[in-house]
């Protein structure tokens, strides 16, 4: 049997805009994790940008980009 | 009963473009808060970019991205 | 009576592409102002990026993002 | 008589994709000029990023954003 | 006979959103490889950003942009 | 007779997604060249970002933006 990868993204559709925003946050984190899969390294790096004004703005920008995708996927919850 | 999360984003629709811009500002701040939920840390960091020309431009860029989303969600208030 | 906020954005529609570009510049500045409302601080910071090649490129990028929004709102003035 | 502003952007439509790319370059420069209208200052700053690998990449990014707008305005010259 | 280039991108369509995210990661890496095709150099550089909070955020941003493209190509897997 | 400019972009349509990605790379390079037309300077600067993790990520980001345009122009090669 083939190896089973963890399934973490089955759909871009969410019930509410707020759940969509949370999914955008998740996508942003998975983008980071794709580049650095070592959770221990990630934990060590986290304070670096979570306590830096520019790091936080950059993180918010990635979320904004992913929220554009999720919002379009949900027809803007109209 | 399940824990109730704070509801802060019930709709992307707004009455006017200006209210849409204000919602874009709110989304940008919530993106920051998602990465650094500690309000005391945020308050301490705020002067860092609010008094830095590049930090302000970066903040304006995140707002621009979120305003793209909100504007599309409102069919550009046509 | 409720406090009246200044109205500065009543519509995304403009008569010409050039007026749309000017509105994009205005949105970019309002994004900065949302983060730093103190006009005196802003005036002091302005030379920092207005005399810096990278600051100017970053400012042009925010205008480009907002011009994307305004252009779509005007169906590209077709 | 009212003061006449220079007209520099009468249309987003171009005959060919290459002319569209040239218009995207023009928009990028006008975004810079909107922030720093002093041509002498601009000329002095130009070598700063035109001889810097990161400055050139950033300039190319702004052109890419404006080319997205122009391409959509021309229905991708299909 | 003409030289055969390696084929690595035959379609933007994927079966699931998660496979689409993986394709977005691949596009981001191919964008890096286009600029620096020397695999040995790439391997040496990798730790630089994979152990840097800002480098990881930047990498996540490129993935977010490519995921926008892939998601649109798949009509958001609706 | 009028001077003939070099024609380098006659269409955004390509046969395959991979050719579209190559065109996105070309657009990114032409955006750099528009800012710094001196090929000797460009050759000298190239190692600066081609051997820098952040420079490579930034280059990949510009390609991602241009690939968004090219993909839309080709209706995502559906």
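Here the chain labels run A, B, C, D, E and F in written order, and each chain numbers its own residues starting at 1.
Operating definition for what follows: a contact is a pair of C-beta atoms (placed from the backbone, for glycine too) under 8 Å apart; a residue touches a chain by one contact, two chains touch by 3 or more.
No experiment lies behind these values; they were computed from the predicted model shown.
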{"item": "Set of chains whose contacts include both chain E and chain A", "value": "none"}
{"item": "For chain B and chain F, chains touching each", "value": "none"}
{"item": "Interface numbering overlap (same over half, different under half) for chain C and chain D", "value": "different"}
{"item": "Furthest chain, CA centroid comparison against chain E", "value": "C"}
{"item": "Superposing rotation of chain A relative to chain B, computed on C-alpha atoms, to nearest 5°", "value": "60"}
{"item": "Between chain A and chain D, centroid-to-centroid distance (C-alpha), Å", "value": "32"}
{"item": "Cα-centroid distance, chain E relative to chain F, in whole angstrom", "value": "16"}
{"item": "Distance from chain E to chain B - Cα centre to Cα centre, in angstrom", "value": "28"}
{"item": "Shared interface positions of chain A, touching two or more other chains", "value": "49, 52, 54-55, 58-59, 61, 65, 68, 72"}
{"item": "Overall pattern in which the protein chains touch one another (line/ring/star/complete/other)", "value": "ring"}
{"item": "Order around the closed ring of chains, commencing at chain A, then chain B", "value": "A, B, C, D, F, E"}
{"item": "Residues of chain D touching chain F in the complex", "value": "16-18, 21, 25, 49-61, 63-65, 67-68, 71-72, 76-78"}
{"item": "Partner chain E, residues of chain A touching it in the complex", "value": "7-13, 27-32, 34-36, 41-42, 45-46, 48-49, 52, 54-55, 58-59, 61-62, 65-66, 68-69, 72-73"}
